[in-house]
Structure formats: structure tokens, C-alpha cells
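Labels run A, B, C, D, E and F following the written order; every chain starts at residue 1.
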Amino acid sequence: MEATPIAKNVVVRKIARAETPAVEALGQYGVATVHEAQGRIGLLAAYMRPIYPGTSLAGTAVTVLVPPGDNWMIHVAIEVCRPGDVLVVAPSSPCSDGYFGDLLATSLRAHGVKALVIDAGVRDVATLTEMKFPVWSKAIWAQGTVKASLGSVNVPVICAGQRVEPGDVVVADDDGVVVVSRNDAPAVAKAAAQRIAAEEEKRKRLAAGELGLDLYDMRAKLAALGLEYR
Amino acid sequence: MEATPIAKNVVVRKIARAETPAVEALGQYGVATVHEAQGRIGLLAAYMRPIYPGTSLAGTAVTVLVPPGDNWMIHVAIEVCRPGDVLVVAPSSPCSDGYFGDLLATSLRAHGVKALVIDAGVRDVATLTEMKFPVWSKAIWAQGTVKASLGSVNVPVICAGQRVEPGDVVVADDDGVVVVSRNDAPAVAKAAAQRIAAEEEKRKRLAAGELGLDLYDMRAKLAALGLEYR
Amino acid sequence: MEATPIAKNVVVRKIARAETPAVEALGQYGVATVHEAQGRIGLLAAYMRPIYPGTSLAGTAVTVLVPPGDNWMIHVAIEVCRPGDVLVVAPSSPCSDGYFGDLLATSLRAHGVKALVIDAGVRDVATLTEMKFPVWSKAIWAQGTVKASLGSVNVPVICAGQRVEPGDVVVADDDGVVVVSRNDAPAVAKAAAQRIAAEEEKRKRLAAGELGLDLYDMRAKLAALGLEYR
Amino acid sequence: MEATPIAKNVVVRKIARAETPAVEALGQYGVATVHEAQGRIGLLAAYMRPIYPGTSLAGTAVTVLVPPGDNWMIHVAIEVCRPGDVLVVAPSSPCSDGYFGDLLATSLRAHGVKALVIDAGVRDVATLTEMKFPVWSKAIWAQGTVKASLGSVNVPVICAGQRVEPGDVVVADDDGVVVVSRNDAPAVAKAAAQRIAAEEEKRKRLAAGELGLDLYDMRAKLAALGLEYR
Amino acid sequence: MEATPIAKNVVVRKIARAETPAVEALGQYGVATVHEAQGRIGLLAAYMRPIYPGTSLAGTAVTVLVPPGDNWMIHVAIEVCRPGDVLVVAPSSPCSDGYFGDLLATSLRAHGVKALVIDAGVRDVATLTEMKFPVWSKAIWAQGTVKASLGSVNVPVICAGQRVEPGDVVVADDDGVVVVSRNDAPAVAKAAAQRIAAEEEKRKRLAAGELGLDLYDMRAKLAALGLEYR
Amino acid sequence: MEATPIAKNVVVRKIARAETPAVEALGQYGVATVHEAQGRIGLLAAYMRPIYPGTSLAGTAVTVLVPPGDNWMIHVAIEVCRPGDVLVVAPSSPCSDGYFGDLLATSLRAHGVKALVIDAGVRDVATLTEMKFPVWSKAIWAQGTVKASLGSVNVPVICAGQRVEPGDVVVADDDGVVVVSRNDAPAVAKAAAQRIAAEEEKRKRLAAGELGLDLYDMRAKLAALGLEYR
């Protein structure tokens, strides 16, 4: 079969972004809570790991679809970023090359971008760690990329198994990365706040030695299903 | 953090399906051609393999979101299938268990379903091969599943890295699986037909020994980029 | 830290084997049925695949613990094999080398051994396929092994994630490999026979178009859990 | 084939545990030394990693067999734990979901449990790190689990490729996890102590520049095998 | 860090090839024998698999270094191929895209090229199987590639973990792929012939039931190392 | 097929090493810069990771080819090491065993060796971290190795996908490991110095908010390829 270049590469300049109060709230709750609060959807694959531990944040997605081994569109994307954004990069086929290093991080920071989420590799991680520029990636690898083929900016992408639309909220911490649909953000933030409040009481009771079996009233249900104690 | 059950499990009974002529046409062209014809999108991950070689087909997607290790919703889905459908099953977290065997295949066949595409495992593959019931899966494994938790039928799912919506066209052959959006199906079928026609001429010229370098007029462009012959 | 050679390498000549009628019965039912019939235990990992499709068998395990990249103990094991045995080989650390080829298969066959199950690699697969000597393995690879270090024969081993004791029944087909404890074999064979009988009736009803939802009486339970139809 | 629910789920309340002096001794020697001292058996797979570096400990195993994506039995297990135990969790099929978070850790700590070893995923790792609750796991992932199906507590399990029986000693540090059979614990502790003593002298000689070739008297054996110097 | 395009892309037109008699001889012996005969070197990684079983061949390597997701250089390479060559394609970073399909196979066949060995993906495998054009690859996947960046032809490459120089002999069968250095080919062919002859006698003795323990005189050595029979 | 021991195990005592000024210079620039400066070759696979973060160094390679699960040749290699060397260990087939621990590190340090690069596993990592002995490895695992079979020292090896010759420069940091050919070292060091100088200016301009699109003059080229802004 003969191959042809990919059609229709576009850059969408103006996107609707989730509203700041919801984004800020989600950033406080962390990935596991937000994932639960929205009914267990939107979690990126387990191989997405932070390059250094201890960061927790949320931002609005600017999405970038890149060819394998080609980081040109990241340069293109920076121009349409705004303070508070998180760059979300997805390759059109699986790739672990080092698409991103300290110069791009310097440029993103200059435009107020908070972090990078990339379903591929990054490099210069010692410098990125020093700069405290947070990255969640599939790999750490120095392999260079070219600037030869086009991709797209601010189109829906599938990143590490989840669909991310431009303007969605991306929440990331040591547990991984979760995406919240732009329109759902306020409702999810509210549900997450309720979970946090409910957990505080439970944490105290569990710390005092009460069993989950009693706290969650599980004994009858276990018996009904036939669990046998010996 | 405390866990909570997944909310909002639904079965959508009526879905719009791609129209039959487009589905039938796409089934003749095969995965690689269709993938190219629609601009290189929609291809499921490379680990999706047929359980036996030699089948090529297309059908309309009935989608099933299943919990890990729980195949209950496949039984639910069969009721809403129609002749010509392909069942597309995606687990809510990665799983290789054997969700599907010869009894479910017998039931699907009785309702006219053409094939199964599952981002998980299947079993009874010797019988499925004998029955000539085609399956594309991530794994072959006898591991049993339970019927304890709900999922959903005919919601958008992400299956092996691609978003599949109910009613989309699923094309599958020995090269893998590609999904075509319901509305794009006629246009993609047309583009695919054009590709096939164009290739016939090229195949003849290549078979006669003409080089792709000349056929595609590549020499000047290679020289411009600095390719050096020694 | 300094390393020391592994202690206590033994060859156990006489082992108790599962009785022939149970082994023969289990060989008729296949892996998925046997795995179900014994309560879903004993299934080897999904990466254990037959080198060619279409074989289904059962035999009694002679177990071999081998060092990585060293197949010496397979030669030792053959002497203690009897007709009807299946050789089960587990490396002491993960390895994909080709421990086994056509000469060893010739020798095993001369002693009545039915098959090989190996959590490592094999080679000469074209010849093995011609000879119809069945093998389930983790890999196919020509990489040679040495004969320099000892292992053990007929000790309990963990093979592809399951504990196998000498004399246990090994059942293998296109779905993978399952081990049945020697003492459980008659009871599991009986339970498997019952499952097969029960399925025949269900297969007919499903083939006639009856839904699993009705056949298994699932509708009320689904409703109770909150499944919503739209 | 039709699937059926797993039979015979049990919780064993009373188990025999390895004796405290042996457990405490093993906790001082670390994984590599203990693994060597018991003849190189019992080491869990290399993918079992600590969620933060720098911890070394030993405890007695309370084992939990869990369905994929279902953490209910962890709640059940806590009731039968005692101070000094380590919870060992094995899924019945491979799973990377986040079975465990900070609330369960709070509860385990309240009952004196020292650590978790889980052949699956965990979440809330930032909080677990802050709490200094040690975990060795296959994955870090926020993916939530349900409470719908039974498993068992204090039955023998295969965890990351090794059989663990209730009451066995689990030793874990930055090199991974090793299990020592309950009855062997005193003898292994003694052998480990001897290794540590023997190594101290060797470390000094190596630090002074003496070669292992001379210290271990290897030259003649290498020559006999035909090693050629150029 | 900033990225720059790869320097120095070359096509070497004239290469020295291994001589035909040695290539033809090696093609008769198969991968495992040749790998052994040359002292167990040169074997490509175990993930290199034939797209259909039953082929065994040898040819002279024309090497192609390709960028990830870019198959342009394969077109360039065909011009420098001669009858009896095998095309060996290595990507500069790991990639599973479908670099190769039936049109390229048609072109290669027109120039007498016997097979493709590619450390990446291929597509149109149903047609390739029908054409009986042999391919050993890392993956089967329809993912398309572009023609945007240069690589090199007939430079040394590392393909699936082994260095291949232009003109080397590539031997491939169902066990995988092995490379023989151009200059070593006659000597390796001779050593392989001796192995085959020596094996015939052993095969007969093993088939007659003689044990490897006796045939290879292993008993004394096993006893000396301390193997204990019980 | 019958296996035979690997032929021709050698230790090459005297090797030519890259000259110290070039090695020292390369050690300052780091992996990504050196990889770029030499035209994007020589990078080891992405799975090679440091056992602790924050080290950056370069040294001259002493290479060791080891059998799977056998670390004997590491002892042999130490005798031929000199201050400033880096030990590069490659197994002859894939292996994750713990070939190396604190005693070997003590010995290497006594002979001035700076670091270990090993395409396999290491253990005693807590002690190695305390000692600040840097290691880049494929795995961390306590699994012990034997001393039973020979390998070679100071022959060319393929380590994590790259050919390393004795005396080559090995550069390693948090981004991975790159090898520079002995003879190319001075030229690559010079090219790397130029890159670093050129980047400083760019970093300032990017930090001030200038876009890469303008800095690298990309807009016309993007437009020519058809990138569409919306």
C-alpha cells in the first residue's frame, strides 16, 4: 500500500477554557479525589509519571497532536497558550523520544504555562527539576526529535488512553493525571470538596482503630455473599 | 482515600448506525486503505490481533464499557445488537481476562453480530476458530470473569487508544482494527475507492521494475534535503 | 554483597502421579472448562502460548527448576519421566533463551513424554511443528543455553505465576495452560463433566436466539443495581 | 464457555506467625542478604518497587487474595491483623488499579501493621510518603476499585511470582521484597548473620585494592575453563 | 535543550556482499544451527517474528536507517538492491508504525530482493502472505508513515539489538533472525554443515531411547557439582 | 538441536582509551547535548535509568560481556580497569538479575572506576546510594547470580541497543547514557561546547517571552507546508 501525508493540520487559536475558580479548586483536591468525584472517568494511563515527586496542580489544556519523533508543533502551540494553561502533547503513533527540554520549558514558563503532560519522552530532566518545571511523561530519554512534519494544536487528542479537549481541566500529582471536561469542572469541584469533607471524619475514626467493616457497615453484605470465617 | 462505586450506568437502546452501503464498501477495502483514506486517524493499538488469520470485514459498533474482570454487560449488550453489528468492548481499567467464549459467540451469531473487538482477553479460541467467529483482542487467556458490577452499553468508549462511538464503522483485518466515524463513512468509502484505483496502476509499474524514486518523483526533493550518494 | 551458589540441588526420582482416568478425562475438557470447574485457580500467565494451534491434552507434571540460560537439568529430568508425563520447566529468574529444540523433543518422545510447558523460550519450532511435538512457551528464540550450573527436578516450582507440584495434572490447549492438583484431579474431572453437560443445553437455547439476560435470569438483579435503560 | 462465580471464599482468623526475634533479626539484614542466606529462593518479581526510597523492614504476612479491581477484602483483612504484620495483597488476575490509599493506611497503622506489599497499584502516594507508611507495589495509579466480589484472607497466595503463606516473614527494602517461610525464619536469620560477618572482612580487603580474583581464588578455575588473556 | 536535524545522511551505492555459495549454504541450515556454528553471536531480539510460518532463507543485507514514522529511505534503498539481497530496516528510535506494505514488496520483488527484516511494523500482511513475500518484523500495524526526513542506506545499523553491516548474511526462519559477518560466512557455513552431520547420529540414538546423560557423558560432572538424587 | 558452549572467551588487557581532556569536557555537557553534538547517535535505550538522581559524569569504557545470571567476568574485568573508567556490562541474552552490589562497588572504587552502566539488574542500592557510587541499570533486583561460565572483557558489546567499544567515552546523567566513539571524542566535545554557547543566548530570548516561531524563523515554512490557523 502507498502512503499519503496526513490531511488537515490546523491550529485553533481561540478556545473556551474552564473557569478559573473551578480549576483552582480542582488543583487543591488532587488526582484520586477528582477521579472519584467525577465518577471514575478521565484518568490517564498508569505509565504517566512525574519527573520528580511532590507537585500537585491543575490547569487548562492546550492540546498538541505531534508526529512520531517530531516536536515542531510544540513551538507552534506556545503562541496560543495563556497563563494557567497545561500543555497536553499526544503523538500520532507511540513514541518515547525526548520531545521537550529546558529551552521549551523556559519558553512555556515565560508565557505562564504551568506544566507539561506528554504521552512520550522528555529530556534535560536535571535542569527541569532545578527549574521546578513540572512534567508528567511516559519516558525520560535524550533522543532528539526533528521539525519536518505538521501536526495540530487545540484539536481533541487521545493522550495516554484518555480523550482531552482543548480547554478541559488537567489535574496532576504523584498519583498521575486526570482530565475533567471543561463544562463539568464546577460540578466536579463541588463533588470533590464534599468527598474531602466526608473523609476527614472517617480518617479520625479509622485512626482511632475503628474497622472499615463497621464504619461502612459491611458485615451483613459479606455474609450474604457467603464469606466464611474460620 | 475512600473509594465509591461508579455512577450512572446506562444502556442506550436506540442508536444511529452508519448506512449499509458505506459499511459494505469499507469492508472491501481493508484497514490500511481505510486508515489512509480518512487521513490516518482512528487506528486501534498494534496489540489488537485477530485470533486466526484471513478475515476482513466491517460492521457498525455496539459499544460496551465493562469493569475489570466482569463480563456481565456483554450479556446486556446482545439485546440491543442488530444484524451487521460488531461488538466493541472496552474495560474501564486494563485487563487481559477471558471475557468472552463460545457461548457468547453463539448468542451473538444468533443475533447477526459479525465479530467482536475487545481490548481484553478471550477464550475458547479453538471453538471460535472452528465456528469462524472472528475476534480481534489484546490477549487469549482462559481466566474467568464475574457478573457482579455494572458498566454501560452504547456510550462512547476508548478502545485500544481510540474513541469509538455507537454506530461508528469498525473495519478489521489481519493488519488490525480501524474505526470510521458514522457520518464520515460515505466520504471515507469514496476516498478509499479512489486510492484502490490509483494503486492498481502503480502496482503494475512497480512490478515492471520502475523505481518509486521515479514513479513518485522523489529525486530532486531528496537532493534538496542534502542526501549524499557515495 | 557477595553471591554464593544456590544450595541443595536435588532430583527426586519417584513421585506420586495423578491417576490415569482423571488425567484422561481432564484432557477432553480443555483449559477453560477445567479452570472453571476447579473454582478458577491454577491458570498459568497469558503469555504462555502454543507454538502451533490445534492441540489439546493433559498429562502428569515432571517439574524442572533451571538456572537462567542453562538447560542442563532438562537432560537430567528425562531419565525420571514416564509415558504420559508433561515436562514443566521454570527458570529461577526470568529468561527467554531457547532452552529446548528438536533433539530434546526426540528424546522426550522416545520416553513417552507428551508435551513441554516452559516459562522461557524454545527453538527449532519448524521441526517441532513437523514432528507434532506440542510446546507451550513464553517465547520462540534461537538463543543457545549452556550446561554449567545445577537446578532441581521434581521439586515444587512456580511456572508462569502458578505453583506446580510434581505429579499434578497439566492441561493445555489453545487457550493456555492450567494445573490441577494431583489429589483434586478426580473431583475436578467430575465437575468439568457436569459443566460440559450443562452447557450443551444452553448452547442450543442461545443458538435459537434466546438472550442470556433471560436464560440466566439477570434482569431483576441488573435493575436492583440501578442499570438505566434509555 | 459460560463463566461461574469463584467458589469457597474464606477468612482465616488465627494463623501461626514466625517468632518475633527471627523477624526482627531478618529486618536488619535486608533483602539481598536474606535471599542469599536462604539459598536464593523467595524473591518477588523485579517490578515490585517501594513508593519512596530508604525503608528496610520485616514483618509477618497477612495474605489477601483480591478480585481484579475490587479492594473489599482489604477491609476484611484488617480485622485479623496484629501489630508487626505486613499486608500482602495478590489479585486473582493481573491488575494495576489503585487498591489502596491513605484511609486504608491510616486504618492499618491504627492496628500496628508495618507495611503493604501489593502486586497491583496504590494511590495517594504523596500522603503515604508524608505519613511514612511504606508500600511496595507494581504500580502507582489513581484508578479506583469497587467493593462487589469476595476474595480470601490468610490463604496461600502467589504474589509477584512467589508463594506467600500466612505467617511467613516478608522482608522489604530498596532492592525489593523477599519472603521467608515461617519455619525457616530462625535458621535463615542465623545464616544471614554469618554472611554479614563474613562480608565485613571482605569489604575491607576489597576497599584496600585487593582483587576478587585473588580474594576468591578464581584464577586457576578461569584458566581451566579456557579464558584467554591478550 | 534545543534540537537539531541529524547530520550526514548518505546512500552507499556499492557494497561488498558475502559470496553466493556461502549464503546459499547458510540458507539451508536455519537460524539455530547458524547461531550455534558461529559461537552464539548475531541473533536478533526474540520479538522479531515472521508474518507467516514456514519460510527459511538467507540473503545479503542492504541496510536502511530510517527516522521514526518515516519510510522514505526504503524507496531510496531499492535502487541499490540486487537479486539475492534482504532489506534490513532499523529505525533511529523505537517505532511500531507500518513502514512497509504490498506496493513496496512488489517493487522489492521486481528487483530480486528475497525478504524484509524490519525492527518496526508492517501492514498489508494478508496480501504479503498471498504473495509469499517473507517479512520478519517487530509488529504488524496499519499505522501510516510519512516521507519527510532523511536517513541512510548501507551504513552499519543496530537492528533488534544486533549490529548489521551492509553485505552481511541474514538468515531467517521460524526461530527468528541471525546475522553472519560477510567475511565469516564461508567458515560459519562449514561449521554449520559439521553440526548438522553430527546431530543426525545423535538424533537416532536419542530416538532409540538413549539418554542425553549417557550420550553426552554427563553423570560424573553432575555428581562432582553435588547433584543429589533422592 | 544440540547446544555447544560459546567459543573464544577473551580478556583484552590493554586498550586505547579516549584522551582525558575530551572525556572531562564531555562530562560537563551532559547526555542530551552530547547526543545532539554527535549527530544523534550512540544513545542507549530509554530503560537505562540511574539508581538515584543528580549525577552527571563521563568516563572511558571497559566493556564486559556476561552470560545470563552469571557475574564472574565482572571480577575479571576489575583487574584491567584504570582510574577514570566506567564499567559497561552487557549480558549475552536479556537478564534482570542483580549482577552487582556493594562489595563489587567497593572494589571498583578502590581501583578508581567512576560508575557502572549495566543492561541488567543491580542490588544493594541503598548502600550504593549512601556510598554515592553511580549506576545506570535496566532493573533493581536482589536476584543473585552464579560464577560458572565465562564471558569476555574489552571486546565490542551491544549494551541497551548501542555498540560500545573498549575505550569509548560513556556519558551519563539523569537523561540516560550516551556513548561517544574514542576517536570522535575531541570533535564531539568541541561541537558540544558550541551548542552550549549558542543555547545561552536563546534561553535568554525565550525567557524574555520571544517565541520559538520567531527565534527560529519557522512561520514561512509552516505556511508552505499548509498549516492552517483558525
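Everything that follows uses one rule, which is that a contact is a pair of C-beta atoms (placed from the backbone, for glycine too) under 8 Å apart; a residue touches a chain by one contact, two chains touch by 3 or more.
Since this is a predicted model, take the numbers as computed values, not measurements.
Using the contact threshold fixed earlier, the set of chains in contact with both subunit A and subunit F is D, E. With centres set at the average Cα position, the gap from subunit A to subunit C is 41 Å.
Averaging Cα coordinates per chain places subunit C and subunit D 27 Å apart.
Note: centroid distance subunit C to subunit E, computed from Cα atoms, is 31 Å. Counting partner chains per residue, subunit B shows two or more touched chains at residues 1-4, 6, 8, 32, 36, 40, 46, 92, 94, 96, 101-103, 123-124, 143-144, 147, 149, 199, 202. Pairs of chains meeting the touch criterion: A-B, A-D, A-E, A-F, B-C, B-D, B-E, C-D, C-E, C-F, D-F, E-F. Residues of subunit D that touch subunit B in their complex: 1-6, 67-71, 92-97, 101-103, 123-124, 143-149.
Per the touch definition, subunit E reaches subunit C in the complex via residues 30-32, 35-36, 40, 43, 46, 49, 53-54, 56, 173-176, 178, 199, 202-203, 206-209, 211-213, 216, 218, 222, 225-230. Against subunit D, the residues of subunit F that register as touching in their complex are 8-13, 52, 72, 75-76, 78-79, 96, 98, 101-104, 106-107, 109-111, 121, 123-126, 129, 139-144, 147, 149-150. Across the complex, subunit F is touched by residues 1-4, 6-8, 32-33, 36, 39-40, 45-46, 92, 94, 158, 161-163, 195, 198-199, 202 of subunit E.
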